[in-house]
Each structure stands twice: as structure tokens, then as C-alpha cells.
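Each of the next two complexes has chain A plus one other chain: chain B in the first, chain C in the second.
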Partner chain A sequence: MKTKALIVGLAATLWTGTALAQTELTMWYHGAGNEVESAIINQIVDDFNGSQSEWSVVLQSFPQASYNDSVVAAALAGDLPDIIDVDGPVMPNWAWSGYMQPLKIDEGRIESFLPGPRGYWDGQLYSIGLWDAAVALYARQSTIDMLGLRTPTLEEPWSGDEFMDALAAAQASGEFEYALDLGMAWTGEWYPYAFSPFLQSFGGDIVDRSGYKTAEGALNGDAALAFGEWWQSLFMNGYVPGTSQDPADRDRGFIEGKYAFGWNGNWAAVAHMAEVDDMLFLPAPDFGNGPKIGAASWQFGISASSKNPEGAAAFIEFAIQDQYLAAFSDGIGLIPSTPSAAEMTENYQAGGALEVFFGLSEAQAVLRPVTPGYVVAAKVFEKALADIANGADVADTLDAATDEINADIERNGGYGH
Partner chain B sequence: MAVIDPANHGLRLATRYTVLILIAAIFVLPLLFMVMSSLKPTEQLLNDTSSLRAFLPVGDISLQNYYDAFDRAPIGLFVFNSLLVTVVTVSLSLLLCSLAAFSFTFLKWRGKGLILSITLATLIIPFETIAIPLLLLVSKLPWIGLEGFRIGWLNSYHVQIVPWIADALTIFLFVQYFKDLPEELVEAARVAGASWWQVYLRVVMPLSGPVIATGAILKSLKMYNEQYLWPLIVVQQESYRPIMVGLGYFFQLQVAWGEVMAYLSLITVPVLVFYLMLQRAFIASIASTGVKG
Partner chain C sequence: MAHSKLTQSNAAGWGFAAPAVGLVAVFIILPFFFAFAFSLTNQRLISPNPTEYVGFENYRNLLGLGVLRIEPERDDAGEIVRDAQGDPKYPRVRKWTRNNPDFPQYAGMREWFSWRSGDDKVAVLAKDVIFMKALVNTVIFVLVVAPGQGGLALILALLINQRLRGINVFRTIYFMPVVVSIVVVSLLWRFIYDGNDGLLNTIIGALTFGLFEPRDWLGNPSTALGAIIAMSIWQAVGFHMVIWLSGLQTIPPTLYEVARIEGASAWQTFRYVTWPGLRNTAILVLIVITMQAFAIFAQIDVMTNGGPLDSTQTLVFQAVERGYGKQDISGGSVISVILFLIVLAISLLQRWLTRERG
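So, the complex of A and B:
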């Protein structure tokens, strides 16, 4: 009798233990040091772990500045976690490099997502983002009125000429140190993210997207040359501060009235609205091929080495609920990926202070080139723009950049295109 | 016979002090800026950068940045990790490198000159060039520790320590210093029957205070201040992160410059204390070895 009871007890213990034992999923995230972001992502992880008994996500956060290097190093060492987050334009490179595997989730769940947060490469979904980011032309209503300018709208943005007239008027007014702040102090990904849409609006691009085999014609064709001349003229005419811009001016210059206009992201909008009463967020100007802004931000995906991709996918599907999209938006000001989540937010709902950014993302956003070679091309593009801003010959610089990108594509066997 | 003109002497003295003060200001002002900025709200800090107010404790002064910095990142943990890695690495490095230098200087063995040359040649190889091969190596190495046996050194203290124990610069410092020691001392000890180990422990090392201090300071500064790339690629867990990787916690979309300055001020304190403790020995050793950091 005693033995029977013992066996029953042991079996019960084992059964309970099995039921309670969740398989551990490791996850890396880029938001270390951001208290609000950390709180939200931790909440999602806690909610997921408590919502089912099969999986348990363990989160490790990294400083954003070093996150990509940590992932690449871990991939080399065979030490990647199950779930990683990845910057949208970098995803094709990580997928092509074998760091990520396709994300198997119900794609019906992401039909209503903005295009930017959907991470497709080679015809397959690899990553999905809980938010998007957008850039707008920051302005004051009082400045627009003072200069006698038309207020551009999504339906009728400024043409390139109107934009240049606005800059000339601002400069001539003598009220500002510079007519426009492009954020030259923000180096790195800001350059291709914020400035390549101008190039696209002129009709050029960083690479030829028809096959992603070359930058020839896209980065050094007539449209690109026109863009380059225009870009250089901004600096030569003294409309914008150059590459040596003080980062402090980038943060505070528009607010303090040094600049008439600013080219800045939605993440800085709330801080600006707090200090500028008549803040306006205007659409990008149209240089002939439509007004364009950049798209895609951080997204979740599954590492190629994950032994539990179904668990990782289950977490990602759990994380893309509207309530979490809205929480991130309310917490850190980013654009929620779906209209329904936008309606749940303070700033992006109909009539909200930042609603315009959702419209901008929907109407003007263009993904950066969806190719593994983007990570190299982006750096080449950044250097070319800085050189042109500093007075380098436009045609020579764009030709050299084109050659460098082409050489990289060739070295890497076309990057799988 | 030249006569010293008191007026001329005073002018020269004033000129000399002016130059010295200007040079000192170049080194002191950044530190002053860092500490003063750590006491100001970010908005005021940025506004003050264009004037001398940047170096003065004026305006809205408080310790709020320090409170916020501690909220944002586990600063105590990062400082502890860096100090632990630094102290253990420096201690083992001084032992190993002095032993190597002792062998290069006093022992006679075939190929000694060639091995020393090869060792010193590693000084010209930047760490970045060997970082990836080293990463691949340590990720496959076995280790037996308190947690038992495991393959791979990633996410540990020892992966931040072991690769840095032996270094050519410290060996070179010891070799240079040992060469200047009176040979008679070593010979006398050997004649008196001392083993090489006894010579090292009882004769050579007790006379090597200045070079030990120099080696300790140079190595400590390198380990404490410059450890960024290596821990970045071999340590993924926050619990093992050192201070330099921790600095990244403060660079968000909107950089909290006041907190950055507070963090930098905090992590600079151990370095300053350490330097002030060993200042005399450091200067003495630089004078004797002719090496500066």
C-alpha cells in the first residue's frame, strides 16, 4: 500500500513537474538603458510567460550602439539566442548571412501593418516590427506666416522649387542662423535613412532596385547628379549647417530659433511640441518623383540557430498585439504598426498631435534598399554625402561611390539576388 | 659677467607660469567640464557649452543626473566588474610578465633573442586584427570553474582576463628595468647558492618597485579605460559587462548628456584615486625607463 502511494505520489510529482517546466527561449533586445522601453518589453515577456505553460522567454538587453556588433560576434561564435531584434534595413543582410530563419507566423495577423514594419527578404517574412518611424519637416506656423508661405499638406506637398524658395526666404529674413537643420551631426544610419529619400524623390537611388546587381545609373545617373548638385547647393548657399554641426545644436537649435526648419523624426516630436507652441510637422517636398521619407525600424525575428522556432514565433505573434503596439507608441513616441493600435494611442489616434506621422508613413514611406548589400552601400552613401557637403566634386564622388558599391556586390557574388 | 636683472627674472617667471597654466588648463578643463556638466540639467548643459559657464557650477545645480544615471544602468555592477577584471588581470600580468622578463634577462637558453624579438613584434599588431580569431578560439575552449565543466568561455570573467594577462609592453618594461640592475647582485646570490626562483623572489623583485608600479598603472588604465571591443563581442550577459560597454546605456535617441557626464565622473573616480596613490612611483619609473604611456 505504502509502495503504491509512493508510486502514485512520484508520478503526480513528475507530471506536475513536466507540466510546469517551460522550455527556455533566449531573446536579445537593443533597448538597454531605455527605462520606458525596457519596462514595456519586460511586461510583454512577463505576460507571454504567464499566458502559457510551454515556453519561457528570458530577455537580455544590449545598448543600441553596440547591439549589431554583439549579434554578429555571437553569430560567428555560434552563440545566438532564439529571438533577436533587428533593424529593418539590416535584416536582409542577417538573413542572407545565415543569422536568421524565416518567421513562420500567421501572415493574416500582419495584413493591416504599415509596409515599413514588415520585414520581407527573398519572398519570405523574416521579421516584424511593433512600430515604424517617420521623418517630417519641422516648422512653426509663425515662421510659415512670417515668410508668407503656403502650408504644404500630404495631398499637396511643396514642390522642390517651393521648398528652395522657402529656404531662401528664411535665410533672407535674417531671423535665423540657418534656414534648415538637416541633422548633419547625426552620423551613421541617419544619413541613408533621412537623406536617401531626397535622392529617390529626384528619381535616383542608392542601388538599382530592378535587380540589386548594380548602383550604376541609380547613384550616378542624371537624377542622382541633379540630387548631388542640389545637396551641395544647400551647403554652398549657407542654408544648412555642415558636417561639423554641434550635436547640441541638433538637439536644441530648432527649439531655440536658430533654424527656421528642421528635418527630424517622430521620436523627437513630443519634446519639440513641449517647447514650441505652434509646432508643425510638414510632409517631405516633391522633387519630381513624389515626396519620399524613409521607413522601417526595429523588428523581431528568429535566429537561424534557434532550436525552438515555433516557440520563438509564438512569442512574436503574442508581442504584435495592438495593446503592445500602443504601449510602445505611448511610451517612446513611435508610430504604431496598425491603424487599430494607432487609435488606442494618445498621439496617433484621429485628431492626435502626431497623427500626421502615421499619414506620412502610409503615404510617403519608402523602404531602404532591401538587399544584404545595404549595410555596405549605406556607409558608402553616407561618406559620399558628407564629401559632397564638404565641397567634393559631385560627379566624381557619386561615380566613386557607385564603383565601391558595385565592387562590394561583385565581391559577394551578387548577394543572392 | 652676466647680471640677473630682477625685473627680467620676474617677467620670465610670469611667462613660464602663464605657459604652464595654459598647458595645465588643456588637461584640467575637460575634467572640469565633465564634473560641472554632471550637475546641470541637459538643457542647461547644452546651452552652457558655448560660454565659460560650461566650466562653472552655475545655474540649476543638483545631483539629479547621478540619481537618474543609477536608475538607468547598474553602475555599481559595471564598476565592480571592471575593477575585478582589472585587479586580477594586472596582478597575474605583473607576475607572468616579470617572470618572462627575468628569463629573457638573466637565464641563458637557445633562441632567447629570437623569442624576445617575436614577443616585442606583437606590439605592432592592432588588437582589432586578432579579435575575431580570438573570439572563435575562446568560444570553443573548455573551462572548469565553480559551475563545473563547460565548453566555451563566453559570458564570463575569465574570458575578459586570460587573453590580457601576457603582453609585450609589460614584458619589455621589465626587461629594460632588469637590464639596468647591477649584475653583481644576481651573481652574488647565485654564488651564495640561491636558486633562480630565489633570485627572482628575494633579489630582483624587491628592487623592482618602480617598474612594477609603472606596469601596474599602464595595464590598469588599459584594462579599466579601454576595454570595449573585446567585452562587447564575448560578453552578452549584463552581469559581466564592464564600464565602457555600460556607457552605451546612456546613448538613446535623445542623449541624456547630463547623465553621461555623471556616469563618466563616477567611473573616473577609481582611476584618479589609483593614479594619485601611485603617482610618485609612476613618475620615478618613467624617469628611469624612459617609457611613457
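So, the complex of A and C:
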């Protein structure tokens, strides 16, 4: 008996001994509450921990709505994990604020990545994403046929006029409550993500990207004013439900036939295809400076306070294998970051149902302004668009937004540009 | 006695008070001094840049006002250019407020409101129009809610202060909204106020046999603040009803007996027995409602985010939006300090107006 206990004890000691040899790395993720997503990320962590004996990643998930606040609070308290998950446009702010460090991984590994998932700030790679997201104009083939419209393609998208004619025709048909659903119920990051590409297609921008020192001219120049007038006309003509749209209508309105067209992301595509037989995903219209959609989604990076950046980098290199990119895509419908991973997925392979989004992402995607000031500029932009939609004077509103962004840039000493 | 009672050897008393005093000091008094200090700097929520002392610049940026008299546009013949309705056309304010070195006093200002004076337009400009609108909205909110909620609570208290069968059911119903979280209540009222098929539109539509046009209560700048005021009163009235009720029950029944014997009418009984007996309760209710009303935040955050067109911006919402949302702690602190001064002044005024005379 005694010998047996001794052996068990010895074995236990040895076992914990090997476990201790693995250095622990902590990681935070934004996807708590999403079972599919949690299963995939847990799988990656388990595979990584089992594949080598040097590092052991411990994962902690947060609900997306409070994730950024948690990171900011942890940064203020000096309590960040080794590996953090960061939304693409927010990354420059966190890098500049000093709670991320450059990500040292083999550049060859990310050569084939779409531009959106690569997070560069100040010439250095800080974060890398396993997926990207894209937005398309949702439509039905039957609607296009009924209204006698040309089906736009990636090579030949609708012009701004064609787009407005399509909306006018849809409205005049009397078949729909509204011609277009822009998703005004989705307040927050949706506004700059989904709508600032329209502004860029008009020739304006949220800030002047040559230097990122001012928004003057970009957000209140002639192109921006034209965008603002166009934006307001959508609501004044009654083509689009306004800021008080019911979120339930946002989710179901197109499916139920309330709206002729929808402006929506690839994450909603699978649910729509399940209920709409002749679903079409059309490219963004071209308002003069090319058709544009937003790029970049959630990405992985390393916190500045991490004592084991090489371990964290090893994990991230492990996570960006094609099989995991494909797993996320199959699980929640995201666009895999590489063409080779896209081939492994159900929806994005050649002939797949969502292949069009991969093309959209490749051809039309533009990063939101890559600056630490984006966090504030995005909020200012969101409010300006809501106000204009509600009938505020376009020039005054854009001037005010410009002033506010400029004042913020100045108060932050130019945000390190 | 040279010593005040506070400094005498009452260690036990201080011992009992210590936890509360400590918590209040750490979580209320200390943060207030922080806020005042931050309001004089350019403190950010997170920033690698060092914090700098900027004096009262934040206050100037928030409170700056200007008045501009604008002459109408004239054509080459010197005639006033008029639009289709015959109103004169005016040049845009941005001509003076943007990139115009001749008028540095107006730089960065926006039009807050304007009126016509003869053929000229007089525009009041503000450095921070959103703050000004938030200030006005908050004051309107307080001016309506303080008497409205206090009065309604008193009426409810009088109604349920009767010995009737089943009166506890009414007491429970009136008090129920108070125990429900304001966030939940706000979410529910968003559905009630919904522009298409909300409960309120449906009820009014049914009562008027369909004559009533459905309204988007929260999406319309002219009804949004009113809708939030109504819902806020509904939510909080039960709490103050209970305070009034406790006041009512401290009035000795003998006084009512005397009034009845003297042949006083119901109004006379209220005016000369009930109301004087509620004096201290009234002061408490008024001050508490005023302070709570100035702090309105959750309803705005859940229901409108300050919109549409800033018609529901409030001071606390702006303080949070700036301090945390826009990572500008100094901007949020300035609003907090100003709000503190306003509430302090009003509380002192209320104390003075309701002081014991004699």
C-alpha cells in the first residue's frame, strides 16, 4: 500500500513538474457568450498548449460590449494580459497609448493576407487578424428584375445616379415601406464602419490622411458637403428609416420584404440566405472616387507589459494557420484572411455562396483612418451623421464635427503623427 | 464651553461613523477634488503625453458666448435678397466663425439660436452649443420634474392614505416601478414610444378611432424630451409617494378630529392641517427630486443618446460621453464641477427659501 501511494505521489509530482515547465501566458478575447466562437478559440488554445512544452495559454473571454472598457481599465491599473484581442481601427490608439508592443512574427507568414487583417501602426506590425469583414448591398434578384435594373458587378458597380434611380424606382413601386435599410438602429462603430466609405467614395474622409493633423477640408470640403447633402436626401425623400429604427426591423425587415435593399455585413449573410431564395450581394455604388467598403475586424496583438512577448508571438503565429482561419469562417461566416484558407471553407471557396464577399474585401476595402485619434473621430462622425439624418444643417454640422476632431487632435499633441 | 461637541471624547461615536465617513471621503469627496483639479488641466483618460496645467481654458471653451448681428445679403442694386416666402437671406455664420482673422472673438463658435430684428438677424453664438443645449434641457427637465413629480406623488399619497379594503394593492402598484431598474424601465418605454406599432400610438389611435397619426415620440426633437420627462416621473413617483405617506402618518389624528368638529371642508382641512404638517417632508422631497433630476443619465443613455438633434442632451450624459467616450477627462470634469456649483447654489437657495422664519 505504502509503495503504491508513494508511486502515485511521485507521478503527481512529476506531472505537475512538467506542467510548471510551461510558462503561463494570459489571453483576453471579446467573444464571451458566443458558443461557436468560444469553441473555436478554445480549440486553438488547446492545440497550441499541446503542440509544445514551453508555453501554456490561459484564455479569458469578455462580452464584446464591455471588452474595450475592460482593456482600458486594466491598462490604467497596469494589469493587462500577455495576448490581447483588439478591434482593427482601435489598435493605433492602444499602440500609441503604450499598452501594445510591436508584434514580431515572420513577415513571410502574412504575405498572402488580405490588407484589412494586417494591423500596422507607425510602420510596424502590431496586430494580425484571422478574418476580415465586408459590407454589401443586399438585394433580391426578383426586385432587380421587377424594377428593370441592371445588376451591378465588381467590374462595373452602380454609379451614384444609378443607385439613386434604383432607390427611387423601389420607392415608387409601392411594394416596400422603405427602399433602403442602412441599419441606423445599429449605433456605435457601425456608423463609421459602414458609412464613412460612402464619404470616401464622394472624395472626402473623416480626417485628412496626409499627416492626420486635421479634418479641415476632408470632412467639410466640397466633396464632404456633397456627401452630406446626399445623405440627408436619403432621409428627406423617405427612402431610408431614420435613427429611431426598431432594431428588430434591422434584423428582419429585409427578409420580411419591408425594405427593397439592405446595407449589411457578411456576418448576416448566412441567416438571410436561409430565408431568401434569390439573395444577391451587390458591390457598393461608386459616387465618383471608386466603390468603397470598410476593412479590418478583430485582431490579435501583444500587450506592452507582457514579459514573454516571444511566447505570445509563438501563439499568434500558431493561430494564423489556414485551418483555424477556415474554422472561424465556417463557424461564424467571417471572411478568412488568406485565399488558401478561403479555399478550405464552405462559403468562400470558388463557387461558394459568400465568395462575392472575398472579392469585395479584396477590391473595395479601405481601412478606417489609421490614427490613435480614430476612437474620438469615430464618435464625432457618428453624431454628425445622425444629426444630418435628422435634418440638421449639413455645412454647420460638418464644420462642427471638423472643429471637434481638430480640437481633439490638438489637445493630444497630434497623436504622435 | 470652548470645545465643540465633535472634538470631545466620544471615540465610540467616531468609531461608528468611521466606515461611512471613510467611504464617503474616498468615493465622493476625494473624486470631487480630483475633478476640480483635472478641470484645470488637459488630462486624458489614457495618453502617453504628460498632463499640462491649462488654467481656465476648459471653462472658457465650454461657457464662451458671443452675439453677432448679421445684415441680409444684398444684390448689386443694393436690394435685399429674399427667398420665396419673402424672408431676407442671410450669409452663413461660418463666414465669421471659420478662418476669419478679422473676428478672432468668434473663432470656433457655432450658432446657438437667433431671431430677427428689423431686417437684420441677431445670432447668439456659443463655443460649445451642445453643452448649452444640455444645460437648457437639464434645467427644463428639473423645472418640470421637481413640481410635477412632487405634486403627483402627494396626490397619490393622499389617495392611498385611506382605510379601504385592498388599498395595499394600490400601494404596491404605485411603488412597483421604483424597484425595477431604470435601465429595464427605459428599455420597456422604448417599445411603448415606438413610432410604428408602439403601445402609446396604438392606445391613442384606438381612443380617437384612428384619427390620431402615429408619432415617433423619441425620434422627433419636439417630443423626445417630453417623452423622457413623462417616463421619468412615472418611474420615480412611487418613491416620493412613500415619503409623503410617512409624513402624512405623522400628523396627529386629533387635529383632523378637531377640523371635523369645527366643520372644515376637505380643502380647508388640507390647507390648514395637512399641508402645514407636511412642511419638513415637502422640503426633503423637493431637494431630493431636484438633485436626482439634475443627475438624469440612464434614461438618456438607453433611450436616445442625447438625440435627435441634441434635443435630449443632458449635463451628466455629456460629462460621461466626454470623459469616458471621448477619453477627455478634463472636459468631463469641467461639466461635473459646473453641475456641482449649480446644484449647490440651488440647494442653498431652497434652504433659504424654506427656512424657519421667526
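Just a few scattered comments:
FYI, the second predicted complex is superposed on the first by the 397 of 417 C-alpha atoms of A that agree within 3 Å, B and C clash if a C-alpha of one lies under 4 Å from a C-alpha of the other, contacts with A are read in each partner's own complex, and residues count from 1 in each chain.
Just so we're on the same page, a residue touches a chain if its C-beta (ideal position, glycine included) is under 8 Å from a C-beta of that chain, and two chains touch if they have at least 3 such contacts.
Worth saying up front: this structure is predicted, and the values here are computed from it rather than measured.
Legend: residue contacts after superposition of the two complexes on their common chain; A:Ala392 is shown touching chain C, with no touch to chain B. In the superposition on chain A, A:Val376 makes contact with chain C only, not with chain B. Legend: residue contacts after superposition of the two complexes on their common chain; A:Trp28 is shown touching chain B, with no touch to chain C.
Touch criterion met: A:Leu76 reaches chain B and chain C at once.
When the shared chain is aligned, chain B comes close enough to touch A:Ala268, but chain C does not.
Within the superposed three-chain model, A:Phe62 lies in touch with chain B and out of touch with chain C [touch as defined at top]. When the shared chain is aligned, no partner comes close enough to touch A:Gly160: not chain B, not chain C.
Once the two complexes are overlaid on the shared chain, A:Asp246 sits against chain B and chain C alike. Applying the stated contact rule after C-alpha superposition, one finds that A:Gly413 touches chain C and leaves chain B untouched. Note: residues 69, 76, 246 of chain A belong to the chain B contact set and to the chain C contact set alike, using the contact criterion stated above. The touching residues of chain B, when paired with chain A in their complex, are 43, 46-47, 49, 71-73, 132, 135-136, 139, 152, 154, 232-234, 236-238, 245-255, 257. Per the touch definition, chain A reaches chain B in the complex via residues 28, 32-35, 60-66, 69-70, 73-74, 76-79, 246-248, 251-252, 265, 267-268, 271, 332. Those residues of chain A whose C-beta lies close enough to touch chain C in the complex are 69, 72, 75-76, 96-99, 187, 242-244, 246, 375-376, 379-380, 383, 386-387, 390-392, 395-396, 399-400, 403, 407-408, 411-413, 416.
Against chain A, in their complex, chain C makes its touches with residues 42, 44-49, 92-94, 98, 108, 110-111, 129, 194-196, 216, 218-219, 221, 305, 307-310, 321, 324-328.
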